[in-house]
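There are structures below to look over.
Presented sequentially are two complexes of subunit A, the first with subunit B as partner and the second with subunit C.
Now for the complex of A and B:
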């Protein structure tokens, strides 16, 4: 399984390095989102500091939708998905590889997103390790269920509209817990022992297990 | 007795029990000391909420039965879909009746309380499930994918609930099924409440049977269309 995961992850990351869709298109999108949020709160600029954790997670969620769609649009071209199945790769391996590749892309995006929040919203961040871990585990949760849903919908005609409808309600706990965990960490109130971080870990673990078990059923045509 | 008569009997029973709940709830039971006539919504609101949860429970079990290879049968898929559809209707009813009660009691149509938020998310979660069922054209693919989506929703609901419960909550704690199983409601009000649960559950059963029958007929029709098309092609060769 891990061998298949490595092959898939390296393949996806190599494609990204050559095409730079995430860096050249999704990253600017994240910047635009940050600017648009600032417009929404223009009357009370200080409010941006207060709501920055929530905005971080909303931006992460939106950009992960794009990254996920990109990840599976690669497989719909030229029947690449059928080839993957015909190679006899372990479906669980394909799943883990996809999650890992998108996670790496998202980590890069989130580094820029955090920088944007610090620079544009004047938020002072302490406890960077805690924040980074919370960001990583929350994103992993989003992607764990997101990869399953993207695989289900990538071949359909309504893929752009159905993925957000399926994914957003399911990952609502990540948005809520991630925001609360970041708020507490920024306020210096709680570290990684925060129950909200625990909930994020539980979420990621539950959906990684389910995704690994069911990806075979999702992938079969 | 034939299947059709059974279904008609279930339908008639549902109609009668809902009718009796209606009369008991509106005329026989007294108004509440504190809430006045508003209390009458209690005969509907918890009952429809319970049916929504029941419906999603059935959807989850049926989806599991479909995914498990030993019990794999399209019947489970059709049952899961039928129950989810009825569940969505009852979830919407739960939100509507809750809002009607919330406006005069809390002063707002909507508040970001734990149960309200969970219920609203539950509604969109299963709307997504129903939307997913419409995008796949292949029967087997649709069945497998929607079964996985139903399982995701099933695992998600307790996590959603836990995450929103940690917000401070405004909603009343459970009236009947509270932790010490000591109901805070008595006499004819309690009986009417229980009758409400029974009547809406029977309504649910009747609706799912009807919806399942329609789904099965559609399924057979698809088969016949394919067969006819094959016959026409073969006939012309």
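Now for the complex of A and C:
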């Protein structure tokens, strides 16, 4: 499984390094979202500080959708998904490789997103390690579900609309837990022992296990 | 002309695609060390038959075995023994030819040198190797696909319209590689409109019409 995961992740990251879709297309989208909210709430700067954790997770969720769609559009182009099946790669390895590659891309995006929140919303971040861990585990939860759903919808003509419709309700707990955990960490009320962080870990572990077990059937469909 | 052991055995198989019978009680077989030609008009079911044999698509009724492995229960096992070239190139446009070949070699666990030597045999070498696949012509992409399929350590090659997009030189290289593959005791199934071209090379011929196979 690990060999297949490595091959897929390296391939996806190499394509991203060359095409720079995340940096040239998704990052500008995230920046625009942050700026729009900054304008919308410009009369209420304290409100921006209050809602910043929620905005961070909404922006993360939307940019994850774009990154996931990009990741599977690579496989539908030229029938490459059929090739992965024909090559006999371990489906669990393909799943883990895809999750890892999009996670790396999202980590880069979230660094810029965090900087944007600090600069545009004047949010003071103290517990950086805790916030980074929460961001990482929450994103992993979103991608654990998202990679499976992207593979399911990648052959559909209406994949751009079906994927959000499927994914957003399922990952709502990540949005809620991530926002609460960030609020607590920014306020210095709780660290990694926060129950909301625990919920994020549980969510990511459950859906990673489920995805690893079911991805073979998803690819075959 | 039938040789050795039976490699593919399809009996009375029906495949439904969106409720439409792409294959209707179709029977077909391939033996070790032969080149089998399948001819037929567009929509006659050639691609579906090859995908069935490759373990890519399932079936509803009948029985199908490849290398004695039941396709109803062990499609993934069958795929390890089969190479397939379809209409799509199965390549990544945003990787170079070299990167694609290295990726395929890693996936299949075959030496990279082997993939590159087949690529050279199909006329893909030098500056072409460092070109992005997305910038290649359709014929060049087909050559890379064929090279990667031939470089597999497989016993059965399924080629769906392999002549499409190839120039005269490419078609000759394909035929040379097919004959060499056959001489190793391996089998090749070719679905092609270029019936006359393949007629001389093929050991047996089938014709498909409305999802049914007729032996010639």
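Here is the rule we use: the second predicted complex is superposed on the first by the 220 of 221 C-alpha atoms of A that agree within 3 Å, B and C clash if a C-alpha of one lies under 4 Å from a C-alpha of the other, contacts with A are read in each partner's own complex, and residues count from 1 in each chain.
Everything that follows uses one rule, which is that contacts are C-beta pairs under 8 Å (C-beta built on N, C-alpha and C of every residue); 3 or more make two chains touch, one makes a residue touch a chain.
Here the structure is a predicted model, which means the values were calculated and not measured.
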item	value
Partner chain in contact with A:206 - subunit B first, subunit C second, else both or neither	first
Comparing the two partners subunit B and subunit C, which touches a greater set of residues in subunit A	B
First (subunit B), second (subunit C), both or neither touched by A:217	first
Which of subunit B and subunit C A:15 touches, first, second, both or neither	second
Intersection of the subunit A residues that touch subunit B with those that touch subunit C	220
Sites on subunit C touched by subunit A in the complex	54-56, 75-76, 79-80, 82, 84, 86-95, 99, 103-104, 106-108
Complex contacts: residues of subunit A adjacent to subunit C	4, 7, 11, 14-15, 18-19, 74, 77-80, 82-89, 216, 220
Residue ranges of subunit B in contact with subunit A within the complex	67, 121, 124-125, 127-129, 131-132, 135-136, 138, 141, 144-145, 147-149, 151-153, 155-156, 159-160, 162-164, 166
Complex contact set, residues of subunit A against subunit B	145, 148-149, 152-153, 156-158, 162, 165-166, 168-170, 172-173, 176-177, 180, 195-196, 199, 202-203, 206-207, 210, 214, 217-218, 220-221
